[in-house]
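Two complexes follow with chain A in common, the first pairing it with chain B and the second with chain C.
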Partner chain A sequence: MTGRAQSTTSGVSGVSTRKVFSVLRGNPTWLLALLLFVVFSFASPHFLTAYNLGNIVAQSALIGFLAVGLTPILVSGNIDLSVGSVLGLTACLVIGLQGQLGLPIAILVVLGAGAGLGLVNGLIVEKIGINSFIVTLAGMIGVRGLAFLYAGDTSLASPDFTLHDIGAYSVGPFSVISLFFLGSVAVFQWVMKRTLHGRNTYAIGGNRTAAVDAGVPVQRHVIINFILCGLMAAVAGIAIASDLGAATPSYGKDYELWAVIAVVLGGTSLRGGKGDLLGTLAAVIALSILRNGLNLVGVSPFFVPVIMGSALILVLLFDRLSSNRSHTAE
Partner chain B sequence: MTEPSAKPVPTSKRGDVVFEAKGLSKIFPGVQALDGVDIELRAGEVHAVVGENGAGKSTLMKILAGNQAADAGTMIHMGEEVRLASPLDARRRGILLIHQEISLVPELTVAENIFLGSLPVKSFGRVDKKKLREMAESVIERGGYAIDPNDIVGELSIAKQQLVEIARASAFNCSVVIFDEPTASLSGAEAEILYGNVERLAEQGVAVVYISHRMSEVFRLSHRISVLRDGKSQGTLESQRTDLDEVTRLMIGRTLEGYVHRPDSEPGAPLLEVTGLGVPGYFDTIDLTVRSGEILGLYGLVGAGRSELAEVLFGLRESSGGKILWQGEPVSINSPRDAMKIGIGFVPEDRKVQGLMLGLGGQDNMVLSILGQLSPLGFTRPRGERAVYDRYRQALDIKSPTAGTHVGKLSGGNQQKIVLSKWLASEPKLLILDEPTRGIDVGAKSELHNLIARLASEGMSILLISSEMPEIMGLSQRILTISQGRITGEFDGKTVTEDQLVTGVMQTGTTTADALESESANV
Partner chain C sequence: MMERLMRIEIGRFAVVAILILALVIAALFLPRLLSSNNVLQVLRQASIPGVIAIGVTFVVISGRLDLSVGSMLSLCSVVLITVHESVSPVAGILAALAVGLAAGGVNGILVGYLGLNSLITTLGMLSLLQGIALVYTGGQNALIAAPSEAWFSVFGRGFLSGIPVPVIVLFVLGTVMSLLLTRTVFGRRVFAVGANPVAARHSAVPVRSVIFTAYLISGLMTACAAILLSSRVMAARLDSGSGYELTVLAGIILGGTSLLGGSGGIWRAIFGIVVLAFIQNALLLMGLPYYIQWLVTWTVIIGAVSADVIGKRGKVFAS
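Up next is the complex of A and B:
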């Protein structure tokens, strides 16, 4: 599949083609995004417009922030299911605290809250040694409860529209939130590939025992990843509050599942040791194109989740088959 | 799956050929594991398969048991050409591999494990416990196995777990049962029990394939011996009409003298002095000294606590008391980082489990232990890492297509060289090597031996743990034998004999008869 893609583009420009090819080889999810893009471009006249393309990125940003934070967690062989709830809590907090503390302080406090919740997850996982699935499943329920305790069963709105105005600002077709998302992808990709922390994260996911034996401070790295993940969940919370200018404690329900799906679809192994942010970006975009395109061609909203679920299974099945083939030698 | 039945069904007469493989070949990336291997198995015989590590024994067994498919060759079972698609397929035909690592469900009872996959059921899919128990009792009684069908398997000793596997083989009327190094983790007394059961299995008309490194048990048990070297058949010998010399010659293609790599240099001052160190569950108290530039061999059977001692010295396991002096200064080693800081490196026994990230490239694996030093302020420098990789790739002659090729795709020898490079890169003063050449082909093994000797002559101290006698005798300047939590002997590497080492590791606090008695008292 990737081989054919190369032969049609080869000869245009040697170096860049090879680079594109190597990205495609590493992340076949880009091909999925491309395929969906082409299909919907033909299927709907409204799809291929600057406005809609900007829209796709904007729609992918919220799940995207969570997926960016989750990628290192999954690479290290853990999972964080609490991110959707953290998003809900932090969205309420930023709207609620904005009036009392002013926007800049409120944002700092909320980022701190996200990071703090991540720290708690990380400490419980590493210092007590409970499986991260269980810890963060409990976190998902507990933090959602905190959001309802804070906000009650109502929607919070702020008389101050600064946050909303910032969110409405855009550069060309891209909203500020979209740009923050793309920026976070770049930063996390760099952290994972070019820093000691990122490289050790791969090592921990690849073989934790060997990492311990090699003197890698495994617990520290895992805890840092949980903190970063909580931080990104808070960023997502601020983004959704900014986008909508309001918050309710139920924001972000099921988002953790979509984020995990995106990360896995992007080629990060649930067993750890493998994956990167470019793959996650591709998957987030592909999912967003699919959702957007299905809406544009007028598929019933009740069918959209069914189609998306089926498409996911197909893609992962395909991935499984192709990776099986390359691993038979081992 | 074969229906388990209460009575043994004689399927073939003693001496009939039940299984025949011709021209089996298997290629892995970078290594031809098997090259046209033939083997013929007869009912009622114990057929030993011997060869050095990496000779292809394990690959052959995996093909016979359906775990892997051969690239070429044919297999004939009971006169019928077969293709074994999976272990289940092989088992259905009556071919069972008893792994080195026990493959039982530890939470279930002995009876449930024996009949796993075909438990007797009553209405609504409920397990018929009464019938299961009767079936298990009949199998156990018939074989005379000293196990209780109601025991939980996870609570049994390894030896008894093997009995469960053997009982399973007889319950399913297997025609071919393959043992892969069954005594590797057994004590002497437990091994005796196993021998009896292997013989009984053969008397029942089963063709038993017995893989072992231990020549004494091979000659004691087997009727015929097939020798493999570098993936090729070296012939099948009648055990009665051959001797150790002939088998060894076929196995290694030369005499033992070719094995000596021992450095000539004189060891210097004591580097590591351990006094009264306790390793919970293994040693009450152990004393040993490693001098600088010395290769100290530690010889003992698997399970004697060798690896555990290494783990204590590397800070992976807690000790119970005792003192460690490093260059004359007392030190405490509580984590691998502590050990690395004072200059200890550790190449663990199982490189795939403990040593390597199989899904990462050689370069990433190699720089792991020194990545912090290579990354000022936590930012990595690919060029510096590449330089380290290139240096050790050349020095150790590592064959890998690129620096990023996943190490899972490399041969065992190259994998081990990468683990070794990882520790050499941290420039330790003492390198602990636990079974450094396990599962590596003969050529690469010899290279590694030369390398180890060179490191020692350049001043590095080596603590060499090995259960391969030629390796320990050929490399060590001094050898300690350990058995049952004690150091039982200290020998000069130049003058030591195989008999001395065997005596050293067989010395036990209790006699075999005592141990057998306590074994049956447990039942």
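Up next is the complex of A and C:
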């Protein structure tokens, strides 16, 4: 309905409007983000400022990196619950190693560590054949142990502020970290929609047996997705370390929960085969607007987990009612 | 056929044997580990996740998951302690049981009747219930003002002829619920729903209400665990249950209950929890920092499930 109104008012850019509308119709999460945006713009005078909008993107980046890495995993019908712990470990590693190795090498080592942990998860899931839920649930406990083992029971601070200064640099209202986040969305969207790896990931999630029969190297694609997910968790770890200039081994606790909420809210089906990065971006932004807006209008932060949990369950309900009317409870 | 059956059992048996062997070796170097005092101490600690595991086992056998028990434990505990202080101990216990049943009922409606994915639904409930605990208490921890005068401490701190009350509670609840699971029509239906929901439906098994009831039991058991926990501490931290959902699942997996549903048992789950508790205790007795136990839990779970999977397949790597 809104689309018809839009296309009559902006006939010149009709094609692009239709495109925008098709994105909206394909994914109601953008409508949710838009609705929240409008509501909070009226509710608080501090909401609609360039500074605050930059803030919203910056606040969404940390969960966003994790959600970007998780999207292909969920599309292929798996899950990775270890990303919050990987974030904690890599944040500690980058702070601890930059004094010893210098920042560039420290970052490479930390990215390698994230990718390596993803490889371990992927190998256990595919080569041994254990449900990814069990593997990454155990990994979530174990990698947290690694973080504490490395850092001890304390927080690490760095005498060198280079990493912090890079993170604090901004272009217009957007911080460097925000730009990295938006860039990672673009790259992953391209990988999922335009490469063989992406298409095969959808095929595996849609019908794994059929993908195997069609000669798709299923194991390799799933393992690559776990590696990419670990890599993005390491990026998130570096980002949080850069943001705060310090790290404690408990960083990222419960973040896997928010990341899964964002990916599912963004329209990626848990049954696999469906979803993309634009949906994930919309959900990450919507959740960030919600957090930021509630804070600005003075709602107690205690309500945030209540609202997040309810939002997740409502999304599942909506998904159930709209796409699967004929199915009853299994 | 026989060979295949043996292979399945060998995989599972090997893990349990290795763990028990490791504990025996540890006991040789740490005489304190198997002293009756320490054993009772470990069993008392294991009784809280053990009681929760009894309930979660019903859900897991029905082919679903319950990750909300951690926050549910926190919420039941803060409600129990605050009502204990403002009204009476009995009212506090009843309130905790009501909260557990209500939360379990919501899980049961969402997963059983509305058919939502249990992993994500109960993850959402994990967040929701933690939030309710925060809002309910206004961010304050709750405590009992005069713990030495309150009879309520009997559940967590009491002894009955030398055995801690929580251990007795675990044993009694385990026996009763094990009978419910193995000797009743409802119990057999739980297995049927988990093993093959379509076949179960065609056999006139009320699939939805079986799942709903499994979640109710999970909520009820979590409330019972909250009684033990808050009576032991005589206070309730806002996040006192945080992480219990992981301990419980780790124990259930280690005990050999399949997360795919259709198989498993109460005593297996309790066994898994107790073994994990002994491993953690041994590590602490060795003077290792507490986070080493997380690394060991990681290794043990992956090792146990790998042995199980490889034993069933008869080949090391999946093709």
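The definition used in the following text is that the second predicted complex is superposed on the first by the 307 of 330 C-alpha atoms of A that agree within 3 Å, B and C clash if a C-alpha of one lies under 4 Å from a C-alpha of the other, contacts with A are read in each partner's own complex, and residues count from 1 in each chain.
In the analysis below, a residue touches a chain if its C-beta (ideal position, glycine included) is under 8 Å from a C-beta of that chain, and two chains touch if they have at least 3 such contacts.
Remember, it's a predicted structure, so these values are computed and weren't measured experimentally.
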Chain B versus chain C as contact partner of A:Lys274, first or second or both or neither: first
Partner chain in contact with A:Val306 - chain B first, chain C second, else both or neither: second
First, second, both or neither for A:Ile130, with chain B first and chain C second: second
Which of chain B and chain C A:Arg144 touches, first, second, both or neither: second
First (chain B), second (chain C), both or neither touched by A:Asp153: second
Chain B versus chain C, judged by how many residues of chain A each one touches: C
Chain B versus chain C as contact partner of A:Arg320, first or second or both or neither: second
Chain B versus chain C as contact partner of A:Ile79, first or second or both or neither: second
Which of chain B and chain C A:Val264 touches, first, second, both or neither: second
Common ground on chain A, meaning residues reached by chain C in one complex and by chain B in the other: 329-330
Complex contact set, residues of chain B against chain A: 28-29, 314, 316, 335-337, 339-340, 346, 348, 353-360, 364, 368-369, 371-372, 375, 378-380, 382, 408-409, 422
List of chain A residues in touch with chain C within their complex: 79, 124, 126-131, 133-135, 137-146, 148-149, 153, 219, 257, 260-261, 264, 270, 300, 302-310, 312-313, 316-317, 320, 327-330
Touch list for chain C against partner chain A, complex: 65, 110-117, 119-121, 123-132, 134-135, 138-139, 197-198, 207-208, 211, 246, 249-250, 253, 259-260, 289, 291-295, 297-299, 301-302, 305-306, 309-310, 313, 316-318
Partner chain B, residues of chain A touching it in the complex: 193-200, 202-203, 206-207, 209-217, 269, 273-274, 329-330
